[in-house]
């Protein structure tokens, strides 16, 4: 069979972002992280800010984000990324400073740093992946685990008297004077990916313009932790996560018309 | 802005604040705790962000403070934090990250009595915490121990030099009495903060994005999944520590030349012991003082040389004998070593040392 | 020259700031100085004392067991520090707050009615400056001019208009101090 090479610049309609390298990702099939990584890389390239960007990785599945996106990164201790971000923004006021954190990192061990940083109004962006579980350590209960949801540390399902309630940290963040933009997005459908992309871009613009803190929550899946196929995970997210964590802007003080 | 020296009457804590601005630090991040709050208070009063551009931020906790200097140092900025005993305990989380990622940063520890909340009075009971650390892994912090207000000021400059030279966290181990007492202090002239271009040139390892298009990305991470790789990184770190041990030991010898008995003491205890030396010399006793200025690296060789020559040594500390272990190890049993100390925030007077040393002399 | 001074009284009497102004005066004279408060940093009220050392050479211990001069502003301070004065040393007290007068004969004793004088002047704030004046009159370790310079350094700028009044109080203190006893040298 004759093959035709169609790879020529005029034919390219979609490509891997320039700031993403060829390292094989460690993420499980169906995981939301890889999609969000790609969005971040694309937006940074688009904004042309790579020489004034510092990313801060969490402890959790995104701990190795620095392997995939070619910018300068700092790997923070568990939960402390926002404190790092506050310091960096004050020391480098013209830089784009963002953290990339999971639910355990941001809404549990790092709650103090998250709330205090957002409330200081430091113009940084927090990208918050909420998959309602501790993925990296093997599927334990997270602060955002839904009621009745099973994990290895609530194997009979989360119940209030034993485990308390799932934390809507973005709703708290929206009440803080220091935040200018708090939004909840998802990457389970193409439409949602587009909206999430727009939200991250908005947050990064806010950070560069010095408008205050931005928090972009992305409701995501963890097919390995949820013990489902990627497809089932997306469906489960739509059926169970989104009713408790509804999508849309929780706060937007920026006139972006 | 003044470009010359200025002589002021300052507390040790205040001197550190003034010095940080004058030595061109880029940022201070700290949380209030007695007896060191004057550092943050003085910086807030002096408003350096309006003059040198230095950032001052009251953090939400000591945990946040140490992460702030970890990130700031990683980006090539010259940053410091300060706290006291229990606050330094909280910082232990991230000091090892700084050590293995080779991040410069200054931690000022103004000790109070412990354990636990303890007292707010001066103590030296965090020698182990500073020298042996409470963090995880095979790491060290370079520890400087001031014994006067002037030295507190000067050590900020020295710490800056050492932390940038060796890319390592440096600790100034002060205490409540050095921090709270006032002395004449000659402040240094202002050193300008480095420009972005200077940072880019001097810190090519820094994670600040500068010049990214012409280089590989910089990453500060302590995480390795491959244990062999982690061992290699550890070995590199230990090799650096060996060089620091060879090059950076500092100690003051006070009348040790002809001494038969040498007191070993650091920080505020050394100041008091110096009074004893003066007093006993007036009565014809040949005693001297060895004051370690760097607690890590420790002046092992100075101790060994003296231990081989003197009749006895006396270690004086405001704790239950923490540096004593290092002195004993360094002295290799070449002479008898006694200990005089108080703990929990109780301080010591020259009279008490004189009395006890006098008794040892008459026994010897 | 090394002068070792203890100033002791109740918190709020201006003990620590008097020591500070004296220490600044010392710096103006080109001396080494040390100001060491004894109270806990968080303590408010209660007794307060401060050790001030002025010296021509490096000061070793900032903590002392014996003093050249003591200014005592209440009975507990007198009871505690009179025994710690070196023979030939100087004790200054305000009779208004002392019930049992000093008894040692090998020291120089001075009294200064600073409290009643401050009341006469209807200005409680000059109390410690009267004492400071008394001190530098009987122990001329620093000049009035240098103490005034010290005031300039110690007081925030918004209080600088009060300096002439303080200087006046220092000079007045120099006049109202009286010797009660001359040290008997053995």
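Every chain is named by a letter (A, B and C) in the order it is written, and numbering of its residues begins at 1.
Throughout what follows, contacts are C-beta pairs under 8 Å (C-beta built on N, C-alpha and C of every residue); 3 or more make two chains touch, one makes a residue touch a chain.
Everything numeric in this text was worked out from a predicted model, so none of it was measured.
When each chain is reduced to the average of its Cα atoms, A sits farthest from chain C. Among the chains, the centre nearest to the mean of all shown protein C-alpha atoms is found for B.
Remark: chain A and chain B have CA centroids separated by 39 Å (rounded to whole angstrom). Centre-to-centre separation between chain A and chain C, using Cα means, comes to 64 Å. Separating the centre of chain B from that of chain C, both taken as means of CA atoms, is a distance of 35 Å. Interface residues of chain A, counted against chain B in their complex, comprise 50-54, 56-57, 63-64, 66, 70-77, 80, 83-88, 90-92, 95, 112-113, 116. Chain B makes touch with chain A in their complex at residues 26-27, 29, 55, 57, 59-61, 63-65, 67-72, 74-75, 77, 79, 93-94, 97, 206-213, 216-223. By the touch rule above, chain B contacts chain C in their complex via residues 7-9, 34-35, 119-121, 176-177, 180-184, 271-278, 347-351. Residue ranges of chain C in contact with chain B, taken from their complex: 20, 23-24, 26-27, 31-37, 40-42, 59-65, 153-154.
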